[in-house]
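After the structure tokens below, expect a handful of questions from me.
Chain naming follows the written order as A, B, C and D, and within any one chain the residues start at number 1.
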Amino acid sequence: MPSLGDFLAVGAGLFVLGLFGALMKRTAVAVLMGIELMLNAANLNLVAFAAFSGRISGQIFALFVIALAAAEVAVGLAILLSLFRSRATVRMDDIDLLKG
Amino acid sequence: MGQPYLRLAAAALILAAFVLGTAAFLVWFERKLLGRMQVRPGPNRVGPGGLLQPVADILKLTVKEDILPEHADRPLFRLAPLMAFVPAFAAFVVLPFGPGLVSADLNIGLLWILAVSTVSVLALIAAGWASNSKYALLGGMRAAAQMISYEVPLVLSLIGVVLAAGSLRLGRIVAAQAHLWFAVPQVLGFIVYLIAATAESNRSPFDLPEGESELVAGFHTEYSGVRFAFFFLAEYSYVFLAAAIATLAFLGGWSGPFLPPVVWFLVKTYAVIFFIIWLRATLPRIRIDQLLSFGWKVLLPLSLVNIFLVGLFRFI
Amino acid sequence: MPEAFGILTLATLGGALGVVLATDVVHSAYFLVLAFLGVAGYYFLLGGEFVGAVQILIYAGAVAVLFLFAVMLTRRRADPVWGRSPARWLGVGGAAALLAWLLLTHLERHPWPTKLPPPAPHNTALIGKALFRPFVVPFEVVSVLLLAALVGALLLARKEGGAS
Amino acid sequence: MVLAVWLLPLASFLILLAAGRRLGHRSGVVSSVLTGLTLPGVVALLAAAPAGTTRLAAWPWLGILGHGLSLGWLVDPLSVMMAGVVALVSTLVQVYSLAYMKGDRDFPVFFAEISLFTFAMQGLVFAPDLLQLFIFWELVGLCSYLLIGFWHTRPAAARAATKAFVVTRTGDLGLLAGILLLWSATGTLNIPRLLALAGSGALGGWVLTGSALLVFAGAVGKSAQFPLHTWLPDAMEGPTPISALIHAATMVAAGVYLVARMYPLFAASPTALEVVASIGALTALLAAGMGLVENELKRVVAYSTMSQLGYMMLGLGTGAYTAGLFQLFNHAFFKSLLFLAAGSVIHAADTHDLRRMGGLARRLPLSAPAFLAGALALGGIPPFSGFFSKDPIIAATAHQPALYAAALAGALLTSLYIFRAYFLVFAGTPRGEHPGGEGSSAMRGPLWILTVLSLGSGLAYHFFHRYLGRHPAAPYPVWSGSTWITLAVSGTGILLAWLLFANRPVERPRLAAPAHRLLAERFYLDQLYAGTIVRPILALSRAASWLDRRAVDGLVNGLARMVMSFGRGLRRVEVGRAQSYALAAFWGLALFILLLEGVR
């Protein structure tokens, strides 16, 4: 029987991988994927805690996060598309308008 | 410890056999029906009334050469047919053929079917993408756009049923129709569901992703042999699934007098299938922009009206 | 149960690893679907069927498709992690390793419960009630946010000078 | 009610500020109507605040060391009277300006500034707290500055505005010092409480006298009393309606109002009262003398304003409290009348110079009698209003020979200079091209109303006295022994003016040449100030400027250069890539967690 810690460990691994992807990938789409992995890791923790504590609110939170993640992806990808249209690139290293 | 897995494996095996058999039968059923509707005999050489025609087809496909197009994305190309079939199979898991006749009676059965069947879009995109061919890619993209668009009215039309039954469990939904089929009070939802489900399974008149005259054969243009068979299988599984859900959600499921429940279930399901094939034989294919605007501007509002009406009646 | 957990872990972490290491962004997207499905499996394992089904519906069904569309529309496929500079590898790899070490050592220190309380029989109904009683306000806020995101995404993705 | 009277002008200001450009010419109407709407409010206040009552409302606003500074209002006969004057004159002047300022490029700005001024003035009038009074006092000063310099492209106007600002600020410094002194001595700035303290004798000695004199310094600056009077004549560079409103009827009277408001403070200190009376008398005399030789019509009226303000101070200083305030009340009307009539004249004659006017009576059938009415009121000829206030003031000085002599001499000069101006403008033959005639109805209406008020406001004498009277003491009789003397003196002035200036083609210096020069150069006070104050200050400023540029700026610039080079260094880190930022942020977080670990 896996313990709560095991679920959390999977969550941790998922988060670390997501972080690695978000920081390492060059394509903006791939970076967004990394972010989604991190969100999923957080969600997994939420649901795991909810299940082991016998309370429902963790699941509710996970639902909210899923909804927000969907919105985030939609808007993020829309931004990306308009960026691609105006600058013809989705390479993270080329998107440097924040440069000081 | 091994007990539950053994049972699971047995159930899976039985289901797989059933799905395969149903799909094969459906191929014959459709061809025969189309033939009759177009005043021609249809398959009639292999077996009695051509009943063994699908078997011959499958044999032919398995021995056919498996062609991998050049510059194809090999892993995805190989994976796509499986991806198309597995969700359909997963959806069958929660399908009750009669009281208690179900592999896994999830209490969110309906939602499970909806969720799992959306995954098949990924297979179409994968097939279109991996083939490295513009017809296939266009077909895949069209399929994705169409399925995403019609997913919305489909789900919304079923929400009315869920509201009325007060449960997502398919068994409960059937039980709630003991007195009156939901197709009667929710006739609007039923119509929307039928149209959206037909579009979901990419069937005529919504078969744009594989419109022969425009895109050769759409996303599976480059497929042949066993891989092609899998797509074929998946498509007919979805037709059966769509009809089964219509039966369960709107037509009272397995309930009926005299005959055993399973028979009633199959009779109703095949009646719906007959209707879907009838549509194919009757209606011409519509244009992609008509398709999308029809989905968003007609079906979506209608399904919302349906939900509103159901809520209103429940409230009263 | 332990077997299922193992398979799911393999799928989830394998999928995540695939997302990171795949050179083709389309492959990354499909690995991502694998990871999503794995996480959904955990939810089922934990007795949260509703969240699990929603996870499949939204993530595997919608988000993944969005990703695929974005990849195909931006026409850039190759994205190998191997081509990054050593400094980047050191920075990111070190960060990831440090984070993993921190999290895992902390997890190990704590005695976690192993027994799952019996799942509520009407889990989905409970979620529904919770959503519409104590969580109505966040629920409505989220719905407004979704609407805003919908309109925003439409505006952003529309072609410049938007025909019609 | 108070809020309506107080805030309607503010609303007008805000509206014009936001939409002035769009409203264009309608902005003046908006402002006039909103200001006019405050008049019923004042009438209601008059009914709500019968004689001898005081209503106080204050909300704590800023706490300092436990003493709350508050914002609110004080409604008593004095403030209601002053508010009435402000509201009435402001409304009339705005209506007049609709025509006078027509076609000006910054028309909406003009009305916005007038509205702001009216708001500030009412805030000053109703202030229950010295700090609030000071705030609005300064706001009024700012409006005055803005409006004097309204035609800021004219260098003379810009210079005059600056001069007015600086000179009055000198007095305000005294006021501020006085306020601080009172604060440190009593710990309160609430006016009724302060006055009660002063009246009960709790406040005494040098603090009392000192604070009274410091407050008076503020009044001297605002009311253009000697020796801080030099700014007022120059302020005539502003538009004529502004001269009428701010530099005749309201703002300059604020000094007198301040003294009246703080009267118990002065009354408790004989020294302070003496100073007020002496300054008032001196100003009345000197200004009248300067007015005699001035050749610019508006400046003549401006000198007369200074002079009349001197009379008010004199009245307050000699204990003729109600008479002094009644003079303020009447003066507001007849002086606005004189200014507006002068505005009509200037409008018609297209010149400010008396020597180039003449024979305008026929051209200006309304302005001429209006000016005459104002002049008679100013000269104190019954039944015009000036008589009812000025005569009691002069009578009150009767027991102090020096003041009495000055007051009488001032009265003589007053009639002399104002009728000199009248005869030079309206009598005789034209001495120049006079293109225009009477203005539009918007200009004529206020003239009419003010003429009637100048004729009639004196009749309110008894009511005014009962309403504002502080002491139960008997009122000064309207007709006393000295009245005959005063009337004789004033009449002499008019006669002299007629003999000297009527029907003369060009004015010749009639007075002894040195005296004339002395008066024309305004007693050399401007030069004196230039030599003794302005030049040393300029030298000091230059030194300070050098120090500032070399030492202070050097330090600051050095710092800035340091920061800039630091920033340039940082810039290299800012590559603009989100991933790099995220990585840096993550490392920061990780190190922070590690640090916490170590601590534990």
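One rule holds for everything that comes next: a contact is a pair of C-beta atoms (placed from the backbone, for glycine too) under 8 Å apart; a residue touches a chain by one contact, two chains touch by 3 or more.
Keep in mind the model is a prediction, meaning the values are calculated, not measured.
Colleague: Which chains does chain A share as contact partners with chain C?
Modeller: Chains in contact with chain A as well as chain C: D.
Colleague: Give me the ID of the chain with the smallest distance between its Cα centroid and the all-protein Cα centroid.
Modeller: Closest to the centre of all protein C-alpha atoms: chain A.
Colleague: Between chain B and chain D, what is the gap in Å from one C-alpha centre to the other?
Modeller: The separation of the two C-alpha centroids amounts to 90 Å.
Colleague: Roughly how far is chain B from chain C, going centre to centre by Cα mean, in whole Å?
Modeller: Centres of chain B and chain C (C-alpha means) sit 27 Å apart.
Colleague: Just give me the whole-number Å value for how far the CA centre of chain A lies from that of chain B.
Modeller: For chain A versus chain B, the centre distance works out to 32 Å.
Colleague: If you average the Cα atoms of chain A and of chain D to get two centres, how far apart are those centres in Å?
Modeller: One centre to the other, that is 69 Å.
Colleague: Of all the residues in chain A, which ones touch at least 2 other chains?
Modeller: Where chain A meets two or more other chains at a single residue, that happens at 19, 23.
Colleague: Please list all residues of chain C that touch 2 or more other chains.
Modeller: 50, 54, 62, 69, 91-92, 95, 99, 123 - these are the residues of chain C that touch more than one other chain.
Colleague: Return the residues of chain D touching two or more other chains; collapse runs of consecutive numbers into ranges.
Modeller: Within chain D, the residues that touch at least two other chains are 583, 586.
Colleague: Could you run through all the chain pairs that touch each other?
Modeller: Those chain pairs which touch are A-C, A-D, B-C, C-D.
Colleague: Would you mind writing out the residues of chain C in touch with chain B in their complex?
Modeller: Of all residues in chain C, those touching chain B are 3, 24, 26-27, 30, 33, 37, 49-50, 53-54, 56-57, 60-62, 64-65, 68-69, 72, 122-124.
Colleague: Quick one: which bits of chain A touch chain C in the complex? Just the residue numbers, please.
Modeller: It comes out as residues 1-10, 12-21, 23-27, 29-30, 32-34, 36-37, 40, 43-44, 47-48, 50-54, 56-57, 59-60, 62-64, 66-75, 77-82, 84-85, 90-91.
Colleague: For chain C, which residues count as touching chain A in their complex?
Modeller: Going by the criterion above, the answer is residues 1-2, 5, 9, 12-13, 16-17, 19-20, 25, 28-29, 32, 35-36, 39, 42-43, 46-48, 50-51, 54-55, 58-59, 62-63, 66-67, 69-71, 73-74, 76, 79, 81, 83-84, 88-89, 91-93, 95-96, 99-100, 103-104, 107-108, 110, 112-117, 119-120, 123, 126-127, 130-131, 135, 138-139, 142, 145-146, 149-150, 152-157, 159-160.
Colleague: Across the complex, what residues on chain C touch chain D?
Modeller: 91-92, 95, 98-99, 102
Colleague: In their complex, what parts of chain A are in touch with chain D?
Modeller: 19, 22-23, 31, 92-93, 95-100
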